[in-house]
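Common to both upcoming complexes is chain A, partnered first by chain B, then by chain C.
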Partner chain A sequence: MKLSFTKKNIEALKLILANPPASKEKAVKVTELALRAMSSFKASEVEKGVQSLSKDEVDTLMKFIYKGFETPQDNTCGILLTWHEKAYAVGGVGSILRVLTDRMSI
Partner chain B sequence: MEKFQFGLEPVTCHSWNKDRTRKYFLIFIEGNWYTVCIVGSLRMKPGMRRRVGWDQRTGGSFPGTWVRGHNMWVEIRERGEGALVCEVAVSLNSHEVKIYQKKGKEYDCIHTLSEHTQRVTSIDWAPNSNRIVTSGTDRNAYVWTLNGSNVWKPTLVILRINRAATCVKWSPEENKFAVGSGARLVSVCYFEQENDWWVSKHIKKPIRSTVTCLDWHPNNILLATGSTDFKARVFSAYIKEIEDKPTATPWGKKMTFGMVMQEFGGGEGGWIHSVSFNNSGDQLAWVGHDSSINLAVAPSEMKVTKLKTTYLPFLSVMWSGPQSLLTAGHDCELLLFKVGNDGSITFLKKLGGNNKKAESKMSAMDMFRGMDKKASTAKDTGKSSVHQNSITCVTIHSGAKENVTKFTTTGIDGLMVTWDYKSLESAVAGMTI
Partner chain C sequence: MAATLRPYLDAVRATLSAAMCIENFSSQNVERHNKPEVEVRSSKELLLKPVIISRSEREKVLIESSINSIRISISIKQVDEIEKILCHKFMRFMMLRADNFFILRRKPVEGYDISFLVTNFHTEQMFKHKLVDFIITFMEEIDKEISEMKLSVNSRARIVAEEFLKKF
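Up next is the complex of A and B:
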């Protein structure tokens, strides 16, 4: 999964969201990838990015966001909070609930 | 919309007695006047005497007994149409079940049923046989019958479970009931004439967790369950001792007791909070803790549709028409969904909200009081919904699954609200439900 994160941010993110990790070992790597994809967005582009996602993709995105909160690094939390705000605006509390209930969590 | 506040305690569950508006007759039997509603169409005029046969049973409401009109003469003194005795059984988060009778706009507690030793989890009032069944965390279920001296008498049901009973429901024909429990099984109970005793049969496999909700198929045989292993299932609860062999349904042909007809849901979905068959029994709706609403259509090869909503999880789902689903839950509001012919689910509207009072000007005193108490300057007067906390139970008040005219909700805020479905429907302007 080597994609240029500079121009095709949205495609990169969609690709990651379309292939959620199957195992726990993979999950760490994919989460890292997702975080990289998310951080390559400009703050002003986030909203547009979220709106181009389907409902299921927003749910998966939310899972990556919460996974990202688990292992905070330098400035990831700030970026994730921006993403969280935009994802919440689309998916609502239902989206957060699905992060909590889904057994196949990332 | 009628509101009644039972108190500060949460309402665990509630159940109504038989239809609240019905033709009534005042009849004379064995030295007493009874107000009865006649089951079936019995054409009688005041002053008329006639023999009531076995098939024209009369469901009595005063003194409450099920008057068996077994070949006896009845005399009609009065007939009319009006509200019969309107009673509701509720449990207010305690070991007791209270029966409230409607008097004008208020409800008076007329009976207290206390036999359970721990919290009551579910109540179901069989309309025609006028029996109440209750289940509790004390691992027991009781069937209550009203005797001639106007006292509700409990009969213990042998459930043979070692965990709390969580939900209970009479079958449509009222000859058996099902009890779900934390013991990962469903007890289907029926009355054994020889022993004069309610006995139970267990459905165990493949339930892997607490059964949280039940619903009967209108054919009196199939039983839908929802449980905390994220799955909704349809079982056969055919008891050969008391029933004729069932005919095939779209859910399957072979129906030996305990057979899994269908199983829905995989690893995702969260706990199932409520299941409901539609009026024909061909469709099954369920709601889970992932804020989703699901529908399985049996005739179209068990097609399952899942709608993930943006709201808090629903605790109750109810069919309010052939193509409409009503849900309520942690959002404290009622949501109406439309079911398409292809089995699709679309969100229609929130019902009965927006009763937020107009923003009035905040006084300085209010502001400082707010800052002192809640550390906020915003004027907070509660939620805009009618219920101020989660709605836990929705039941039909008048009508049936195919045409609900009134329904009732109770919740953790101790409030019982009776909604007029038709007026809510008209509020959804331009939409056919």
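Up next is the complex of A and C:
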């Protein structure tokens, strides 16, 4: 959480993505954190952020993106769409399919 | 807001292409029956996770997929009363003629304005990428048509009011 307040957005995001939430109560908090981390990126930094992630992390990122779409707020939708575009460029159709089929949803 | 249109449509297109992985699957409960599993919702293992893509609080697309069918529900942006009425009438007009559309659903899903139901039979007869293209074009055109209709309603109302008030 402290990492979000410094400019180290990328490390904060990597930390959150490395441990997808296991229990339901934690899931809400972690999603909130993930969305805050993603919103703190500027539109131009998103691409660099996605490039620094591993394959599994891109899949988890996609899950968080779709989770974020479920509760749309005016300021988050635009950046979420940018994240979706860049993550799709890296992950491809497969990353979306893995979100649709995965039993372990966040 | 216009800047989010392209990424929104691209995101919907990508998700639709991913979700349209449907094949023939007969009903597991009733023999010799073939039902769209996304409508019946009888077994969990046949359904994929439903996914929403939203451009704003009012504009979103819900995509529910299953082994032999996919249901796409669209919520159209309506800012004022007149757009609500126009949208409602327009969608109703199309849904009454759903048979000719093939993939249109007669009733929209709760909370959305219009729904499409694509089954494996449709994908066997039509190209998947063309179906996706159709839905994306539909989403683009609807907004344009509704604003066109709103403009024409307003200009007609203005002319009528002018003519009427000339008498006084």
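Operating definition for what follows: the second predicted complex is superposed on the first by the 101 of 106 C-alpha atoms of A that agree within 3 Å, B and C clash if a C-alpha of one lies under 4 Å from a C-alpha of the other, contacts with A are read in each partner's own complex, and residues count from 1 in each chain.
Please note the rule applied: contacts are C-beta pairs under 8 Å (C-beta built on N, C-alpha and C of every residue); 3 or more make two chains touch, one makes a residue touch a chain.
Values in this document were obtained by computation on a predicted structure and should not be read as measured data.
Chain B and chain C, once both complexes are superposed via chain A, fit side by side.
Touch counts on chain A: comparing chain C and chain B, the chain ahead is C. In the superposition on chain A, contact of A:D102 is made with both chain B and chain C. Geometry note, superposition on chain A: angle between chain B and chain C about the Cα centre of chain A is 70 degrees, to the nearest 10. In the superposition on chain A, contact is made by A:C77 with chain C only, not with chain B. With both structures placed on the common chain, the touch criterion links A:K55 to chain B but leaves chain C unconnected.
Nearest C-alpha atoms belonging to chain B and chain C sit 5 Å apart in the superposition, given in whole angstrom.
Residues 93, 97, 101-102 of chain A contact both chain B in one complex and chain C in the other.
Contact residues on chain A toward chain B in their complex (touch as defined above): 55-56, 59, 90-95, 97-98, 101-104.
Every residue of chain C that touches chain A in the complex is listed here, in rising order: 3-4, 7-8, 10-11, 14-15, 17-19, 21, 48-49, 51-57, 60, 65. The part of chain A that touches chain C in the complex is made up of residues 66, 69-70, 72-74, 77-78, 81-82, 84-85, 88, 93, 96-97, 99-102, 105.
Residues 230, 267-271, 288-292, 308-313 of chain B are the ones that touch chain A when the two sit in their complex.
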